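The structures considered in this document are given below.
Next come two complexes built around chain A: one with chain B, the other with chain C.
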Partner chain A sequence: MLLLQVIVGGLLLGAIYALFSSGLTLIWGMMNFINFAHGEFVMLGMYVALLVVTWLAGGPAAFGFAAAFALFVLGVAVYAGLIRHVMRGPMLAQILSTFGLALLLRYTAFFIFSANVVSLPPTALSGTIDAGGILVSLPQLVAGVTAALLTLAMHLLLTRTTVGSQLLAVAEDRSAAMLMGIRPDRMQALAWGLAAASAGIAGALMATSYPWSPSVGETFGLTAFVVVTLGGFGSVPGAMYAGLIVGLIQSLSAYYLGPIYKDVVVYGLFVALLWLRPQGLMGKA
Partner chain B sequence: MRKQRGLAACLVAGFALAPAFAAQAAEPVKVGILFPLTGNAAAAGQASKAAVEVAAEIVNGAHPELANIPLAKDAGLPNLGGAKLELTFIDHQGNPSVAQQQALRLITQDKVHALLGAYQSSCTFTVTAAAERYGIPIMVGDSAALNITQRGFKWTFRATPIATDYAATYMRFFDDMKKAGRQIRSIAVVNENTDYGTSVADAVEAAAKQNNVPVAIRIPYSASTTDVSAQVLQLKEKQPDVVIFISYTADSILYIRTMKNLDYLPPMTLGDDSGFSDPSFVPAISDIGQGLMNRSAWDVGKPGSTTAKINEMYKAKTGRELDDTSARNMQGFLALADAINRAGSTEPGKIQAALKATDLKPEQLMMGYRGIKFDETGQNVLASTYLIQLKGKEYALVWPQQAATAPLEWPMKGWK
Partner chain C sequence: MGGKLNYGWIALGVALAVYPFAFASPFFRDIGVSVLLAAISASAWNIVGGYAGQVSVGHSMFFGAGAYLPLLVYTHWGWPPVLGVPLGIAVSLVLAVVVGMPTFRLQGHYFSMATIAVAELIRLVVGTWDFVGAAIGLQGPAVGRGWWDLTFAGELPYYYIFLAVLFVVLVVTFQVQRSRAGYYMRAVKAGERAARSLGVPVRRTKLTALMLSATFTSVAGSLYSIKTGFVDPESGLGILVSVQMVIIAALGGAGTLSGPLIGALILIPLQTATNTWFGGGGSGLTYILYGGIIVLLARFEPGGLIELWRRVAPRRLRIRHAA
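This part shows the complex of A and B:
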């Protein structure tokens, strides 16, 4: 029974990892661009949720949408204001620009929200469900299921819709896409918006169960990189499986080996997998 | 008109400064202070910074209402011609190597006369090493790891109680509880895995062994973790009677919430200060953590008492009540200021000698220590602590019984 409890907890956590990692992998797949500020997007999503709850007394649906919308706008703005320009610069400038952005966002958050640890007050989502002896906290359940559905939706958007085809077309061959009448700039801005929105909504979902402070983005950013690399750069389904796997491994190893070993196990498997399959689980070689 | 007023101001200033110039000693005394002002423990670092600023204000200004605290009554340090204390705050982000670099910078570039710091024991380790190398006295206000004062250092002084003092206190408390007929068959120790958590947990485990209290499970974990369900399930399986948490802030909140989510309520939860004393902790868990215990050498005391007045000063500055961690840093700073004054000089060697001769009585302190007197390792041998329990939205002093202001409730109610 305890084993089942550990597995359920790990999968729910993994679903959220999958959601915010899918945003990171989308940007990589679209533009071969690494966004080091992705963890900070998650962190901002958490604060948006907090503001909506404390100022507007909004419920989970309200702060979920608010976080997604606010971060979508931020994502597009970041693309238009920063990324579009540094894309023309040398590789190093591209890498360091989002690193700088991460620090800017983190320390702005320190400035505005202070360094205090905050947590979301109880919402309509508080409580625990007893499913035949397995206790699942309602916020974690809703967060996990929503995250899984959104990741799936992101995958369907990319593979089954015109917009998705246009996004992938730009990713595959920018000039050819232009010749077909697709505006790459617009598509890339959309990709950044979607990526940031997925991080934002993941943050809002996480906020229902975890206390945080502005430095929380570091932890999430690192997790996202592991998930994306494990799943294969640019693959949304890969990020989804990898997210679930990482969540599960963390839970199982924390329970059986002790919490200080869980990262050892995760990173150990990570290195081993890269050695065997450098392109990740579902990446293209 | 304007010119005349300016002239008058110059004259007044000239007269006011004259005695100081005559003494040639009113140059400020520089104290470098290292705390984590950003990062995981930033909230605690910021709270301690505000507390030390209040302590400096008590020394630098005239506060006859706090007359039992040394140096409060008159402005500045009388033995140094009324010199003021000048504080330089440095953020080490909770990173030991940054802490060491910044300590070196304070010593070699800012030429500080003394140091105070540095919250996380891991950072205090590196900072004290730098101070030792350059021969600059350092006061450790709150870091609890045992071996900070066990490396034969001559320049490190620590006012706060340490891991072994706390462990001994917990055992005395368990003894009292057993005598009162409460069952303590086994305990669990959950600790964050840096110097602080590890050393306190080691001390608790050792003391428990000595006192024949079985430790059912020990769980070290990393404080930056985002999920502790597995750990709580481990506790649930072992069913200890007391769970001792040696944790920082976000992780403490996460544990209490996860315990509620997984419906695990031990008879008693005992926090080892730090996270449990962080200003964010109580508001986040007060609805589900009723009756959990914590340690504190700080107690606000009755209205009108010195401690209550100090708390008012702190509240006016920050809008919050003074907490134990910040108060211990404040006490450390006041003890350091007292020593600098008795040294009558900013020479490091003289400050060191004065620190060695420190002998503060309980009535001269703002904390519940039995005094401040350093042994040859630099550790305060008169340090001790109270135990407090969460009732409503505040902690109340419940042990030892002779100091208690409220009855102890056992088992804890939690969310029930």
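This part shows the complex of A and C:
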């Protein structure tokens, strides 16, 4: 029974990984660009949730929206102020831009919030439910299900709406999209906004059941790399499956090997993937 | 840098050689040693990150291998730490192959992601592994048993050892830059597909650059741990070790011979100054500053200060560079 509980917990966490990784993979699919600050976006989403709860006494819906909105704005601003200028530049500039941004955000968070581990005060969502002997905490369940639905929504947005078609058109061929009357710059700004918002909500959702400190961004950023590589770069459905798999692997390795090894196993998986199947499960080589 | 040595290098060499006597206090000598160490590791990073254009953000794995092995052989077998230096290089070369072989087939971003992931993986493993000191780290001989333990009371011997190593690294880099391999590296950086179509062995060139870079970075790590007599996961393998190499090389000018040295001459005194002004809590501010500098460099001057100088300096003062 305990094993089943570990599996359920892993899948619920994996759904959140899927959500923020879908943002990273969207950016890659749109413009072949890796965001090294993606994990820091998740971390900021967690602090936005904390601020909304402690200062405004907001509930889960309020801090979820606040995190999404704040990070959407940040994502668009990062694109307009930084990425737009470096994306055609040398490789060094591309990688340093978001790598530097990650350091800036991480250590600014250390400076403002200190290195202390914090957690969200109990919200309306607290409690545990018992589903036939499997104990699942209510915030974890709500967060996992919400994340899964949002990832699905992201997939539907890309495949079933006009905006989605425009985004994919820019990803496919920037010049051709421009000839069709689509403004690539706006679409790429939108992609950065959506990607950062997905990270922000994921952070807010995770904040309901896990304590954190400013350094979590690095772990989440690397986890997102693993998920995106496993799922295949640029594929949102791939990120969805891969997120669940990585969440599962992580909780199983924490269960069998001990909590300190959960990230070791996941990063090891990444190295193995690079050797064996770098195009991932659903990627085109 | 044409074929001949120019006056700038001679002046710089003389200045570095007499510096410990011009500024004889332990404080200034210590800064000098830090500058040289930073210049060595940034120059090592520069071979693969600057010349070959493969941006590693996890070079701490090589630095850490070089830093751990000397103290490891001392702790377990009582060997002189120096004997661990070749072992550190060997471990670094294995790591270079593990990271480089698969990712150099792929687009450049995979290499960057793999370096940071493997560096973090190693930091986590070392932090829980008792044989290598786990979270506490390792210590070298407190009192040297002979000259071969390389424990000196003052900074002066270390200063000249580091200066000699820096000289070797720069000479080797200079030779590589002029060799066929150097041209291959720049061709790969400028455009992989074009380079391949002209018959450049792209993957082998990148791997060669990484292995050379890993070797020197490992030596830098060994120098660090032999001098301080201590290493722990944070000081040997922390992400900031990698960050410092990247930022120093990029600040001076990645892909140029003098860039990393110039970057170290600027950044290390700056870092010492911010640490002194802001006190113990200043380290956080230092890293905010690092992040800010990296972002501004990427946005406005990815070629670093050398590139800026070439654009704004009066023509007669300009240094000619081959690359």
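Brief remarks follow.
One rule holds for everything that comes next: the second predicted complex is superposed on the first by the 265 of 285 C-alpha atoms of A that agree within 3 Å, B and C clash if a C-alpha of one lies under 4 Å from a C-alpha of the other, contacts with A are read in each partner's own complex, and residues count from 1 in each chain.
Operating definition for what follows: contacts are C-beta pairs under 8 Å (C-beta built on N, C-alpha and C of every residue); 3 or more make two chains touch, one makes a residue touch a chain.
Quantities reported herein were computed from a predicted structural model and do not represent experimental measurements.
In the superposition on chain A, contact is made by A:110 with both chain B and chain C.
In the superposition on chain A, contact of A:268 is made with chain C only, not with chain B. By the touch criterion defined above, A:226 lies against chain C but remains apart from chain B after alignment on the C-alpha atoms of chain A.
Shared-chain residue A:100: touches chain C; no touch with chain B. Using the contact criterion defined above for the overlaid structures, shared-chain residue A:55 touches neither chain B nor chain C, since it reaches no partner. In the superposed pair of complexes, A:5 makes contact with chain B only, with no contact to chain C.
By the document's definition of touching, of the two partners only chain C reaches A:89; chain B does not.
Of the two partner chains, chain C is the only one touched by A:34; chain B is not.
In the superposition on chain A, A:137 makes contact with chain B only, not with chain C. Put simply, chain A uses residues 107, 110, 218, 260, 263 to touch chain B in one complex and chain C in the other. Interface residues of chain A facing chain C in the complex, by the touch rule stated above, are 32, 34, 36, 82, 85-86, 89-97, 99-108, 110-111, 218, 222, 225-226, 229, 260-261, 263-264, 267-268, 270-271, 274-275, 278.
Those residues of chain C that touch chain A in the shared complex are 49-50, 53, 55, 57, 98-99, 101-103, 105-110, 112-114, 116-118, 120-121, 124-125, 128, 189, 239, 243, 246, 250, 254, 284-285, 287-288, 290-295, 297-299, 302.
For chain B in complex with chain A, the touching residues are 37-40, 42-43, 45-46, 193, 219-222, 224-231, 233-234, 236-237, 249-250, 253-254, 257, 260-263, 278-281, 284, 287. Only residues 2, 5-6, 9, 13, 107, 110, 114-119, 122, 128, 135, 137, 140, 206, 209-213, 215-216, 218-220, 250-252, 254-255, 258-260, 262-263 of chain A touch chain B when the two sit together in their complex.
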